[in-house]
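To keep things simple, chains are lettered A, B and C as they appear, and every chain counts its residues starting from 1.
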Amino acid sequence: MRHGKYRFIASFLAIPLVLYVVFVVSPYAQAFYISMTDWRGFSGQQNFIGLRNYAELATDGRFWQAMGHNGLLILVVPLVTIAFALFLAAVTTVAGRQGAVGRGGVRGSRFYQVVFFFPQVVPVVIAGVLFGFFFNPDAGLLNGVLRVVGLGWLTRPWLGDPALALPSVMAVLIWGAVGFYYVLFSSAMKSVPPDVFEAAVLDGAGRLRTFWSITLPMIWDSVQVSYIYLGIMVLDGFALLQVMLPVPGGGPDGSTVVVSQYLYETAFTGGRFGYASAIGVALCLVTLLLAVAVLRLTRRQQGEY
Amino acid sequence: MTLETSAPATAPPARPQRRASRQDTAGRSTGERTLGVFTHGFLVAWAILVAVPLLWAVLTAFKTDSEIFTNPWSLPAHWQFGNFARAWTTANIGTYFVNSLIVVSVSVVLVMLLGSMVAYVLARYEFPGRSVIYYAFVAGMTFPIFLALVPLFFVVQNLGMLGTYQGLILVYTAYALPFTVFFLTGFFRTLPGALAEAAMLDGCSHAGVFFRIMLPLARPGLISVGIFNFLGLWNQYLLPLVLMPDSQHYVLSQGLAVLAANQGYRSDWSALFAGLVIALLPVLAVYVIFQRRIQEGLSVGAIK
Amino acid sequence: MNPSRPVLGLDRRQFLQRLAAAGLLAVPGAGLLSACATGGGGTTTAAQGQVSATNPLGVATDAPLDVVIFKGGYGDDYALAHEAMYKEHYPQAQVKHSGSTQIAQEMQPRFVAGNPPDVLDDTGSQKIEYAVLVNDNQLTDLGPLLDAPSADDPNVKVRDTLLPGVIEQGTFGDKFVILNYVYETYALWYSKPLFEKNGWQAPTTWDEMMALCEKIKAAGIAPFTYGGVNASDYVIDLNLGAAIKQGGLDVVKKMDNLQPGAWTQDTVLAATQRLEEMVRKGYFMPGSEGLKHTEAQTAWVQGKAAFYVSGSWIENEMKGITPPDFAMTAAPIPVLGSGSAMPVAALRTQPAEAFVVPAKAKNVHGGMEYLRLMLSKQGGEKFAELTASVPAVKGATANAKKTPALESLSAALAAAGSNVFSWQFRTWYSSYSTLLITETTNLLTGRTDAAGYLAKLQAETDRIAADQSIAKYHR
């Protein structure tokens, strides 16, 4: 039996592990090696230079500026997205109407379930093009609407303003992400056993109380996974930035440069693949630490049935 | 509310519980009413924010290039169906769509199978090296993909799979594994063990337990992670860029990106938007049709 | 699951065999790249044929030719025409054509693998920086092409068919490695009918320009616009162009040669201060900093702004959006004041659209031959006809159908005569591009002033000059 168990484990792990090692681990391991060379990216020539790239990284102002933006993105985008998605999910599924705090939700919730998901099917490249038009200060929808409703003094050159460019990009990331987490959270809420809510109603709990003390704890696992997944998505937000702010400099006055963009620029514009790889490895380490931190911090008592 | 009536006809029937909660409309407090107005206002506002850019994109797909810029917010003066023909033929959106469908579907099936095997073993068996393997997969979620692009190119080339569907499928599968394993490991841990033990006592093999009992139990979780994977791979752009150099085998995201990039040099915005609409509609349709099943899948995947 | 179940048509053993073939790769840092360098590249023997009068470059007539074209503002129809010409000369050769906008990502692995295309048009925002390729010895010395007889007349060498500046632009150190095929000219662009209607005249001095801007502004139109999101650096033709015209070619040579104080020369400072004055007086369309170049250009052709500073690709790029009666017209950059070293008519002509033959290409000779055919009269005329633009060969546009822009450009080039200039610092040192875009936007939005702007550029110049790891060039 014991022998059978190990043979079974091996047979289940073999193919996926081989795939993973060949296509994922080995390229990254090579990238790690490259990060300790001065490889320029186009020939086979490379010299091993140890940790010199990492030493340079420690004092590279632009890298730390980009890191700072990454930090901001990773803090704001998931938090806002999750808050929005939770709110929308709560009012359409759980909050119910007039005292009937059960499941159900507001009128038209089925319509919202469909509509809110829309952005999820828009490829990020296209979202970038779309919102380029949206933020266009001259002919764009946003400034147009502001002028029409008499808020002309609020019009801004959105993507051209160092203070607003990054928030504008964040808004697009949030716009694109809320739908999926909305569907995720509302499904999670629907699967909370109805008697839990009924009990709460009998206890006289209001909507907010119900949400805080019942709904949220019950779906906490979903929230936690969402945070990690969103964090990773944000780090990958490079494609969107590349379309919306196709600047080598990283937005107005470098105000939107993120690590992946700096990495790309270093590699392809600067021809320093060794250094770019070091940037990437540093980014990995930070992400990994972050994932562990999130898992630790958000670990809390499970919802009680 | 008019919103209710505009819900798509394909939407599955409401569940009985929801009907029940809709019955009494009397006796709400003023506070509740204000809250209701506020939440409704918010929902409508968000729906508009979400729908308007897309509706605008659809309308734009029917305009001429100069109209897009001169009258960006009006209805098209003449509906330009030719944009779609151009997107379909010149920009090959149709072919790219089929390519994407093949590559992504096979990858998703494969990653679900392999990922659930790994996750199951990691979740329910004790063996040396278990946590090393688990963390190796978790770490895989944090790597920026284009760090790996050049070395990956050579791996795929040396396997003779450059520019082939199977090459891209295997790469997609490998890169979707970390999240799948991470998600499903958590899921398998929460499944009741009693059933599996009973089956073992009945003489079922380890693999038998997995395929006959645990996998069906895990179906909801599989569906939800499958959707994650499908959407993620559908939008994947960097991997095919390097691994599918031949423009006939481009996947959709690549084709759209090329269309978008071309706008920096020669403007054919109308074809871009037409291509976008062609690309969006099937995915939207699938979501609308399978909406309820998707939500069920997500719900059980999210909570135990 | 039965472990020997086939994986996508491969049974497990086959699968593992292939994995073993790639097995080396799984070893961390096992010098995959160095393996490639010795295996794939380096000593490849390029296809070689008999040299003859009709085949001066010694093309192997049956060797396949792999051509990768940047499919940007000029499309790639012209390349298809050139490829057809090659095929006509060498019917046995297979010609493979690809058009791409993502040159760097798609070509990089091929360069590393020692399997680059035979002809590469390395252009666009995703191009591989030339300095990177040159410093890595990835490009073929095109000297033999220059000295080969031209396709039309065996008594005239290819070098003598090129427009002025083409050889200079493509020379790094002592090697001519890049053929910039399009003769791009930078100017102040405006709509002739709009100016005639308002009784405005293209300015010849900055004082005139300032006065005109005031009038234009009074008419409710923005004098200038620019694509602040990604292309504010187009505007540097205004201040640098004026500075060079004022002080002569020495001004730009100091910049190109990374001399101390190059960016703080009097003329450069004076011209940049005038630009700053334009910013202060509000002569740039509000909101331009939030526009991409295509959006800014769209606003311009819609008549929301009067002038746009750009290269000669502008007409082609805006085809389809420009109103039919717009009549895009080029004017040279105004001079700063009296006593300028170069006349007003002087123009910056900077050949672009970089065609290279990678050093490790399988068919280096075929690649060079392809360039030779591009530079033939027929090749040049085809290009002019299909793109309404000027190729780097003499006399190619003589018979081409002239669009308004091409017509005004030809006239401007004729007026400039030998008074043309160019700058090389952006080609030689890739880090300038990023800085120029960021800092020019800062200048145009008033976040920095002329002195601060130039100080940043001088600091970068000093940094490059001091950095031993950057290869230096001189003119």
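Simple rule for what comes next: contacts are C-beta pairs under 8 Å (C-beta built on N, C-alpha and C of every residue); 3 or more make two chains touch, one makes a residue touch a chain.
All values derive from a computational prediction rather than experimental measurement.
Q: Name the chain whose C-alpha centroid is farthest from the C-alpha centroid of chain B.
A: C
Q: Counting C-beta pairs in contact, which comes out ahead: A-B or A-C?
A: A-B
Q: Counting only Cα atoms for the centres, state how far chain B is from chain C in Å.
A: 39
Q: Rounded to a whole Å, what is the gap between the Cα centroids of chain A and chain C?
A: 37
Q: Hey, how far is the Cα centre of chain A from the one of chain B, in Å?
A: 15
Q: Using the touch definition from the top, which residues of chain A touch two or more other chains?
A: 11-12, 15, 22, 25-26, 30, 34, 41, 139, 246
Q: When you check chain C against every other chain, which residues touch at least two of them?
A: Within chain C, residues 1, 19, 22, 25, 32, 36, 105, 108, 112, 125-126, 292, 298 contact more than one other chain.
Q: Tell me, which residues of chain B touch at least two other chains?
A: 69, 117, 149-151, 155, 170, 207, 238, 257, 263-264
Q: In the complex, go through chain B and note every residue touching chain A.
A: The contact residues of chain B facing chain A are 1, 3-4, 6-8, 11, 14, 17-18, 20-22, 24-28, 32, 35-36, 39-40, 42-43, 46-47, 49-54, 56-57, 69, 72-73, 114-115, 117-118, 120-121, 125, 127, 133, 136-152, 155-156, 170-171, 173-175, 177-179, 181, 183, 186, 205-207, 210, 224, 228, 231, 234-235, 237-238, 252-253, 256-257, 260, 263-264, 272, 276, 279-280, 283-284, 287-288, 291, 294-300, 302-304.
Q: Any idea which chain A residues touch chain C in the complex?
A: Of all residues in chain A, those touching chain C are 11-12, 14-15, 18, 21-22, 25-26, 29-30, 32-34, 39-46, 132, 135-139, 143, 155-162, 245-249, 252-254, 265, 268-271.
Q: Please output the residues of chain A touching chain B within their complex, sorted ascending.
A: Interface residues on the chain A side: 4-6, 8-9, 11-13, 15-17, 19-20, 22-28, 30-31, 34, 41, 84, 87-88, 91-92, 95-100, 102-108, 110-126, 128-131, 133-134, 139, 141, 144, 175, 178-180, 183-188, 190-192, 194, 207, 218-219, 221-222, 225, 228-229, 232, 235-236, 239, 243, 246, 259-260, 263-264, 273, 276-277, 280-281, 283-284, 287-288, 291, 303.
Q: Note which residues of chain B are touching chain C in the complex, please.
A: Touching chain C from chain B are residues 65-66, 69-70, 106, 110, 113, 117, 149-151, 153-155, 157-160, 166, 169-170, 207, 211, 238, 241-242, 245, 247, 257-258, 261-268.
Q: Mind listing the chain C positions that touch chain A in their complex?
A: 1, 3, 7, 12, 16, 19, 22, 25-29, 32-34, 36-38, 40-42, 104-105, 108, 111-112, 114, 125-126, 128-129, 131-133, 135-138, 228-230, 285-292, 295, 298-299, 304, 430-431, 433-435, 437-438, 441-442, 445, 447
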